[in-house]
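What follows is a single structure, and I will ask about it in a moment.
Read from first to last, the chains carry the letters A, B, C and D; within each, the first residue is number 1.
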Amino acid sequence: METIDVAVLGATGTVGQKFITLLEGHPYFRVRELVASDQSAGKPYAEACKWKQDRPIPESVATTIVKSTQEPLESLLLFSGLDSSVAGEAETAYAEQGHLVVSNSKNHRMDPTVPLVVPEINASHLALIEQQPFEGAIVTNPNCSTIFLVMALAPLHRAFGLDAVQVTTMQAISGAGYPGVSGMDIMGNVIPYISGEEEKVEEESLKILGDLDGSMVRHAELGVSATCTRVPVLDGHTETVSFKLSSPAGIDDVRAALDDFRGPPQHRGLPSAPERPILMLDAPDRPQPARDIWLEDGMATMVGRLRECPVLDYRMVVLGHNTVRGAAGASILNAETLVSEGYLANGRLHRGGRAAQHEEPVSSCCS
Amino acid sequence: METIDVAVLGATGTVGQKFITLLEGHPYFRVRELVASDQSAGKPYAEACKWKQDRPIPESVATTIVKSTQEPLESLLLFSGLDSSVAGEAETAYAEQGHLVVSNSKNHRMDPTVPLVVPEINASHLALIEQQPFEGAIVTNPNCSTIFLVMALAPLHRAFGLDAVQVTTMQAISGAGYPGVSGMDIMGNVIPYISGEEEKVEEESLKILGDLDGSMVRHAELGVSATCTRVPVLDGHTETVSFKLSSPAGIDDVRAALDDFRGPPQHRGLPSAPERPILMLDAPDRPQPARDIWLEDGMATMVGRLRECPVLDYRMVVLGHNTVRGAAGASILNAETLVSEGYLANGRLHRGGRAAQHEEPVSSCCS
Amino acid sequence: METIDVAVLGATGTVGQKFITLLEGHPYFRVRELVASDQSAGKPYAEACKWKQDRPIPESVATTIVKSTQEPLESLLLFSGLDSSVAGEAETAYAEQGHLVVSNSKNHRMDPTVPLVVPEINASHLALIEQQPFEGAIVTNPNCSTIFLVMALAPLHRAFGLDAVQVTTMQAISGAGYPGVSGMDIMGNVIPYISGEEEKVEEESLKILGDLDGSMVRHAELGVSATCTRVPVLDGHTETVSFKLSSPAGIDDVRAALDDFRGPPQHRGLPSAPERPILMLDAPDRPQPARDIWLEDGMATMVGRLRECPVLDYRMVVLGHNTVRGAAGASILNAETLVSEGYLANGRLHRGGRAAQHEEPVSSCCS
Amino acid sequence: METIDVAVLGATGTVGQKFITLLEGHPYFRVRELVASDQSAGKPYAEACKWKQDRPIPESVATTIVKSTQEPLESLLLFSGLDSSVAGEAETAYAEQGHLVVSNSKNHRMDPTVPLVVPEINASHLALIEQQPFEGAIVTNPNCSTIFLVMALAPLHRAFGLDAVQVTTMQAISGAGYPGVSGMDIMGNVIPYISGEEEKVEEESLKILGDLDGSMVRHAELGVSATCTRVPVLDGHTETVSFKLSSPAGIDDVRAALDDFRGPPQHRGLPSAPERPILMLDAPDRPQPARDIWLEDGMATMVGRLRECPVLDYRMVVLGHNTVRGAAGASILNAETLVSEGYLANGRLHRGGRAAQHEEPVSSCCS
């Protein structure tokens, strides 16, 4: 398979840096262009960026000259970690120019024609992009708290149906970017509020668990109640979850549904796919963010403490790596899925997926 | 009013130290005897104890010789912060000897004849002690997570009835005593399990909200589901709570019920009583343990983020100081209530309260 | 004594908030005016300010309308917590208008005619203000790391002379203001560098320990080497210090010099003066920021672990509360000293102190 | 090269676990025997051990039955992470039985015939084992704070001579083992004392920098002053260091000496050797424990902020991974050095190294 050149939008930010780190040595994708704000544009990346990752800046990227969002891009595939203050308009503009924007930003997630995808769950929603009024397309992944919740709910929703879900999140500070949360606010403290977060968890979950019905997604119908808090943890979102099933199921069946869950990324062996999307941990005091987030290279969702709930049916504790599977890694797995489904082949975007590869007119972009 | 001499049981432990700190300069009680394990017995308190409080050891206590649990005590009133491994038998023995044991330990809380009291809520349960087969008596207060939950629920239970409650706690490490939680386990981490804690929250709440029916407490009937976690916070338990009312109520009525809640400690102006047992905080990101636990000298329950819940009826965030109102302070307020209700007067225990003062035979204890 | 109205400059900042907190109920001073940036000006203080103190905003101050630095002030005495980006020009302008500016900002500390004062050590330097070319005057206190170092050194310098000092600071994050240090940078980390801090410690110490020689301060001559680091501590700067004396002294004499140290604030019983400016702690593992900073209401310097040094003569560990004695509290004690020395009397500034009260022409300012 | 079977002593402790983790897949050594306290003996390792490492227990080790210190061992080479309360006698007994004990424990470090080795610096000291009165031998590595200090000093000592060194350490909590430091003591705090630590740093450094003179080590003569503190960091010891050279040198020469430093492990390409033992970091605010300890797989010593010192000649900040290069990794590199120097060959210990392989009588042990 030919290597696909990609651009990273918002390359100097926290998510952008994670894209660059995770894409180093990627078997499909090669980072060729970097886009950031005007004040970074024109500088070599290593100079423009306040690098905050554990590993040093990849050499191939360190000297790349950063482009502004006004400059045309050669790469067909763009990974977007743009700040939400600019992502809305910028991503639309790129899609209009023919690019395939695979975005971690929140702006377009709830647009009716934009797929909000967790490929283990709803890869079929990618077909929505045929409805988009662009030469190119926009594909999104959910918020970093939504993804672990919905991953743990999807097998239950599929097997038994779901009536109601209660979740309390205890979110890591890396989810707020850099500089993000002040040390004065978070050291030895819990902040029981994250602006806009609860709405995202409650709304995005319903779209992801929804059914593709022709040209639209019919959102799932269940009550989701989220309380989102920030705790003094560097990486890893922990979530306590209670849920009510639509049809009765024993705890062993619930456990088996979670344990056996696999999706297209696993079936196709995509490079960033965790071998098992959900890891059940047996120890009574797990999962823990400081100990378990790097299982499956940060791409798995860990579930522990599955037990009966005196109010709903069952409850459990869910954990995931918020900046890997919860952000950049989610976008990368989405892009791998797009490739595996034929949306991206031979240097072109095929808006109808594999089936459409021979029928579609050639995209005029990026020439 | 005459000063009442008291003993502190488990005086060298975390709760014992808090008893001593909070009782310094108390208008009713004077710490006269200290009881600890055999290895501490016979030593001056300052030498036996690894003091961990902010303020220095009160001078009057520093030189007191620690007694063992085998030695007879002169004080009628005993505050117990005994470790649960010994509290069960020891407290029973003291009660048999005629002492009034006001205990923070878990061992006797669920005994049918032992009052489990939060005096704003169920001071009437103190009458249970008449059922106890002792010369003396045992009175308990709830677990440090239970008390803030039940304080925030009691006014709602009273006004509207309660069908179901979901709570996730984020508990401070001081709740585990000293040395308690290893720094290796908790720094930058969340531990989603505390042994035995969820059972306590779920069971104790029903007893406290229950009705005294003749010689027994009929436990409240509602579903309580608790998930208890430990977070890197020094003092202050934060709880996210969702609840379903038995009869419909608007959010303003719910808020008013919480805001207006007062109980006997407030009506009688007891020395340790918070002026308002529940403080409603309006800022969207409060209450926070690092900022709000010392309101009302650590004796209040803070409630914030009251809003509708998509699954149950409403949800809120609850906070309290776990080693003050959640432990030693709770016992002290119970003892003040006992005094104010006439259970303790003229150096004697009146097991029927004020009404019984003139009818009861004189207790033979402590002579 | 008549209450003196004062203004707080930079009132919405971290130091400004501390001024307001510490001045509440002050026996000399009453906060009457508040000055902040143009975007805060015109608003009630409670609205303009993101209040971060433990205690709520004093009621008397909450509704005060914030003034801009361009507006004239009625108060003669101004406490300055202005950001260093504006303090230089603004403080000069206020002094030219006849105000007495008692400042915690760094800008004027090293000006030859500006006293840099720790009143236990060099209250005599206040006489420098006669050299200032203003109607009013500027008086400063040192950096938050300098003050604890120099407090522990002053008695040794006086008794034995000092040749050399090595200090490593471990500074709390509150020293960087709000939002200050990112949680992403400091959680579980040490940052071994604070911009400009080492120079301040090295230079300011020499001025404070210097001698007033007529119209100037002759700086002390000793080598001071400082390495300044930031650690995950909320409040309290810890410093490890080694020093070489000019004339030999036994460890008991060194200890006695520290223990016996008193200065004018103690002799005059000034309201904010610690009873003992230096507290020697005997436990081998003290002082500790989480346990000891509130001794003497945050105004003392704690010294522990005094012992011989294999390289210089002795070494010790020094601690103090960086936002109390290290900032706002230092300025307030300076102001109290100014009052006690007659620089401020009968609503006027007497630039020559008490001796000059009857000779000086009346200041024309603030009429 | 043949794989060498080894035993890990103190296998269930913090250092023992690190040995097992670092030895997984090692090209020379294979963990075959595990020794722990009597209460662990007889159990499979996975059951006896409270595993605290990031990675799961290696499968090959999980089912190994733990032996007690009384049972004879088959492995010639023993890695010791024994607790210092038992290491002294146990290690001597193993050496008497003919084993080569490569130990991280402190007990024998300062014995005149026991090499205290950092192989980049003083591999020649291994010859000391010929002086030991055992069939076998004991080889030790220094304390976790000593090793990074002495690594940064050795090139300077060699090139310019050293007269004096001042160091303040800020040590991670993992250095205290598990459970080790209570969360109640260290969260948001600095503990300015670690029992016995300063003596170790001051004494061990002189032995390591000393010269082998016939059958003994002549300790280096320079003043070393250490102040050791504990900070809320999980892994990584940071040290601020000032030093005085014996002969003058410019800062560029000092930097070059550090940067160019290499030793036998580098020349021989030993498996655990860092490519460069000292990494100079240029950023003004580095090295930082949360960011830099994993450079060179945790085996390097990071140096930053090299600059002149107003009291001694120069100062710098030094950092290293305390449980890797500071403990188990140090022992493993010592063992690799022993192999590379011929002390261990063909299943036998050659107490005179390579030169002696053909002359020595065959050791009777372990046959």
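Basically, contacts are C-beta pairs under 8 Å (C-beta built on N, C-alpha and C of every residue); 3 or more make two chains touch, one makes a residue touch a chain.
For clarity, every value in this text was computed on a predicted model and none was experimentally measured.
Q: Between A-C and A-D, which chain pair is linked by the larger number of C-beta contacts?
A: Result of the comparison of A-C and A-D: A-C.
Q: Greatest Cα-centroid separation from chain D: which chain?
A: The chain lying farthest from chain D is B.
Q: Distance between chain A and chain D based on Cα centroids, please, to the nearest Å.
A: 43
Q: When the centre of a chain is set as the mean of its C-alpha atoms, what distance in Å lies between chain A and chain C?
A: Once rounded, the distance between the two centres reads 50 Å.
Q: Of all the residues in chain D, which ones touch at least 2 other chains?
A: In chain D, the residues touching two or more other chains are 187-188, 232, 234, 291.
Q: State the interface residues of chain A toward chain B in the complex, per the touch definition above.
A: Touching chain B: residues 164-166, 168, 170, 187-193, 195, 202, 223-225, 227, 229, 231-234, 238, 240, 242, 284-291, 304-305, 309-312, 315, 317 of chain A.
Q: Using the touch definition up top, name the residues of chain A that touch chain D in the complex.
A: It comes out as residues 54, 187-188, 291, 294.
Q: If we count contacts the way the header does, which residues on chain D are in touch with chain B in the complex?
A: 52, 173-174, 178-188, 232, 234
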